[in-house]
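The two complexes that follow have chain A in common; it is paired with chain B in the first and with chain C in the second.
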Partner chain A sequence: MTPLLAVRGLTKRFGAGCGECLDRTSALRETNRCPRCGAILACREVSFDLYPGEVLGIVGESGSGKSTVVRLLHFDLEPTAGEYRLAVADAAAGGGGRNLFALSPFQRRRIRNEHMGIVYQNPRLGLRLKVSAGGNIAERLLMAGWRHVGRIRERASELLRQTEVPLARMDEPPRNFSGGMQQRVQIAKALSTRPALLLLDEVTTGLDVSVQAKVLDLLRSLQRELGIATLVVSHDLGVIRLLTSRTIVMRHGEIIEQGLSDQILEDPQHPYTQLLVNSVL
Partner chain B sequence: MSPHILLRVEDLAKRFVCHMQGGKEILGFEGVSFRLPAGAALALTGPSGAGKSSVLKCIYRSYLPGRGSIRYRTADGGDIDLARASETEVLRIRSREMGYVTQFLHALPRVPAVDVVAEPLTAAGTPPAEARLRAQALLERLGIDRALWDAYPATFSGGEKQRVNFARAVIRPPRLLLLDEPTASLDPRAMEVVVAVLSEMKARGTTMVAVFHEGSPLASLMDDGCALPAKEPQR
Partner chain C sequence: MTRPEPTPSGTAFPGGWRRALEEGASRYSYAFLDESAKREIRRRILKAIALPGCQVPFGSREMPIARGWGTGGLQLTLALIGPEDVLKVIDQGCDDSVNAVNIKKFVGRVAGVRMTTDTRAATLIQTRHRIPEEKLDSGQVLIFQVPIPEPLRLVEPSERETRRMHAEADYSRMWLYLYEDIVRYGEITVGARYPVMVNGRYLMDPSPIPRWDLPRLHRAENLFLFCAGREKRIYAVPPHTDVEPLSFEDFAFRVERFPGRSCSRCGAGDSFLDEVIDDARGLRSWVCSDTAFCEKRRRRKAPPAEAPGGSR
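Our next item is the complex of A and B:
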């Protein structure tokens, strides 16, 4: 099976760097901050594959670099080094198996609009809170090249129904919505273009437990219906257990362990993963 | 590996290293070897704590095996070492060929019993309505009260949970079925049904590795045994 997404050597450094940053930081050295020049290696030499229809988890504490990885893959940040290939994007970008990081900003935007959906922890990042829920989805569809107003509206209401947002509230701005409903609008927006890749960045963090459960159930049923390849970033092992089949564990910007999700939870190998698993309440 | 052998475990060992306790090593089991022809059933026996469940978890890869190999003959004739196979390969085999019934149900929360049981069918492409009908028939046969079919298993008794768990594992008969005390909390009548279902599956070619208590009626299905020795006391 060919992976849908292949990432190799993904590295993001904040700060000028001194040439020794990679040697002076790592999970083993227990820091991602270069002691010589003060640069931060938010993620370093991260490599992994994601297969079609697969749900892969990235788990780690805050500062481990897991969100940085997602933002690099969504082109929200510029990488310092690394390669990124997306099997579906080749044709659109006009080059078979090209490194997406080497493409022009215009080409990358196009790939992002057509093939990726993202849901952020903070709805402020994923939605325009003063624009109506339907308008948020319409905007996304317009960016992906949809032109027919009637069909856009039809698709928006179909998505809101799927994500259990009352249609009566379609023309209301999400700033009037509860946190859980804002997340559901974000999910609707992310799914609107039927993306090949879905990125979920701490989507349930900060919600009440009962609301978390509803959002997770929604994601699970969408997953079963649509089978979109998904990257789930979370610090919550419960979310990882519920949604993913494989898991990557990150610490200080580095992958320290990866395996089947049930194996990571039942037989963790790395000292940090053992600490994480044993810290579950 | 000769073609009629489905599973060959050789010199398998598992050790746990507890980093939170200063790297303390705990032996799961060691020196386990057996070979299992296709369609046969093997019982793992040995005193409590000998590591019988751990052997099953290593085959299923919920545990990472240490030393040794677990050679498995796939449906398409491949020969794969489950101890070293990539996660993606293991997932593929799990979803198409391998089932695992645990003592405890880790049911997905907020999913009705009938859907818990039907899910392996729908995942394999059976239309949801048909999958639910077959799940209901199986739950009925296992003696689960009709009123519970649409309830969440989290609220069920131990014996009910165990039957839901069993139903989910066998609704789509796997080639290799791992059984970890599947009848531990069942009454004699339910136990009889479970044994009957397993014996039908066996007749249709499912290979089994099982762990159960002495005196269990599952013993009647077994063709062979592998005795795990008691462990030396550790210091």
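Our next item is the complex of A and C:
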């Protein structure tokens, strides 16, 4: 099977860099800050594949670079180095197996609109809180070229029903909503154009436990129904256990261990992963 | 410090201040702007024509009228005008409003061109917020005074961001604004300054002309030039260019309608009408916003004896 998404050597450095940054930082050296020039290597030489329909988890402590990876994949940040291929995007990019990071911002934005959905930890990043919930979903559809208000509203209400947001509140701005409901609107927005790739960046962090459970439940049932390839970023091992089949463990911007989620959680090999698994309350 | 008396006998202005002013005017280069300024503006115009609807920055000069009073349109007029040109200046369709008259006087003094109110006779027409009712032809240029050249300013305050949006043709925010309008009010409530797509590429602010005038921009015979003096932007719609107002499949673009109304002066039922309220009698009536068009119709209808002068 060919991977839907392939990432090779993804590196993001904040700061000028000195040429020795890569040699002086790593998980082994216990730092991602170059001692010589002070540059931060938020992620360094990250490579992985994601197969169609698969759910891959990225776990690690805060500052380990997991959110940076997601933002790079969503083109929110410019990478320092690396290659990024998306099987579904090849037709639009005009040629098989092209590196998406080499495309123009215009082409990248098109690929992002057509093939990716993202749910941020903070709804503020993913939603326009002053625009109605329906409008937030409509924005993505409008980006994709929908020009029929009736059909847009139909699709928006269908999505809101799927994500269990009361339809009566469709024309209300999400700033009036609770945190859990905002998150569900965000999920509806991310799913609106039927993306091939869904990026979930700490979706349940900051929600209380019962709402967390609801959101996770929703994500799991949507996953079963739609079978979208998903990248789940979380520091919460419970979320990883519940949602993912395969997991990557990151530390100091580097992948230190990867494998089946069960295997990682039951039989961690790397000392840091062992620590992580053992520190669950 | 005391100002010298503005009298003919004053020592500060031998020969009188009015003559001093005239002499001063003659010391300027033709049409007020210096030649390098004109050349820059003409180059910018060419670029704007090459990229229909794209806002081209230019070095807006200080003019003897305040920014926001038509300095953009005035600079285009002065950069393009020649001694053989015939100029018409209108302000919301009116040839005789203070703004239009002042601009006409100024251009007349510095460029010495003929003035007209007849839309057909003019080669250059400078306008504020209207397109004349009569169809323009390929020899004419319509110059708009633009207050806010950025159509996306409504949805995005940052200039850096709006430039990115134009570069990537990312106009979903504007569409979203119209969608929200429909959700809230059941229709698109944008009156003047209705955003249009030019040549299928750039979103453009047509300046605050009523929706009524927008169809005239589409595949016209003449050149339309837009200039914002304060915001320092020039843009253009060349002849035969597609100009399409944003609209949804189920919420089509509509122009203003005046059901059952017609101009109380000339009787026209197919022109853009202004509402006039007679405070003394508490009556409302409607007249053509385009005064030259109205006058022409009345002159054609009325017996010749009454025609000259009209009832100004």
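The rule is simple: the second predicted complex is superposed on the first by the 281 of 281 C-alpha atoms of A that agree within 3 Å, B and C clash if a C-alpha of one lies under 4 Å from a C-alpha of the other, contacts with A are read in each partner's own complex, and residues count from 1 in each chain.
We adopt the following convention: contacts are C-beta pairs under 8 Å (C-beta built on N, C-alpha and C of every residue); 3 or more make two chains touch, one makes a residue touch a chain.
This structure is a prediction, so every number in the text was calculated from the model and none was measured.
In the superposition on chain A, A:Arg29 makes contact with neither chain B nor chain C. Using the contact criterion defined above for the overlaid structures, shared-chain residue A:Arg224 touches chain B, although it does not reach chain C.
Judged by the touch definition given at the top, the superposed model places A:Phe106 against chain C, while chain B stays out of reach. Legend: residue contacts after superposition of the two complexes on their common chain; A:Arg124 is shown touching neither chain B nor chain C.
Touch criterion met: A:Gly135 reaches chain C, while chain B stays clear of it.
Shared-chain residue A:Arg147: touches chain C; no touch with chain B.
In the superposition on chain A, no residue of chain A contacts both chain B and chain C.
Across the interface of their complex, chain C is touched by residues 105-106, 109, 128, 131-132, 134-135, 138-140, 142-143, 147-150, 152-153, 171 of chain A.
Across the interface of their complex, chain A is touched by residues 16-20, 57, 61-64, 87-88, 90-91, 108-110, 122-123 of chain B. In the complex of the two chains, the chain A residues touching chain B come out as 1, 51, 54, 213, 217, 220, 224, 242, 245-246, 258-260, 262-263, 266-267, 269-271, 274-275, 278. Listed in rising order, the residues of chain C touching chain A in the complex are 164, 167-170, 172-173, 175-176, 179-180, 182-184, 248-251.
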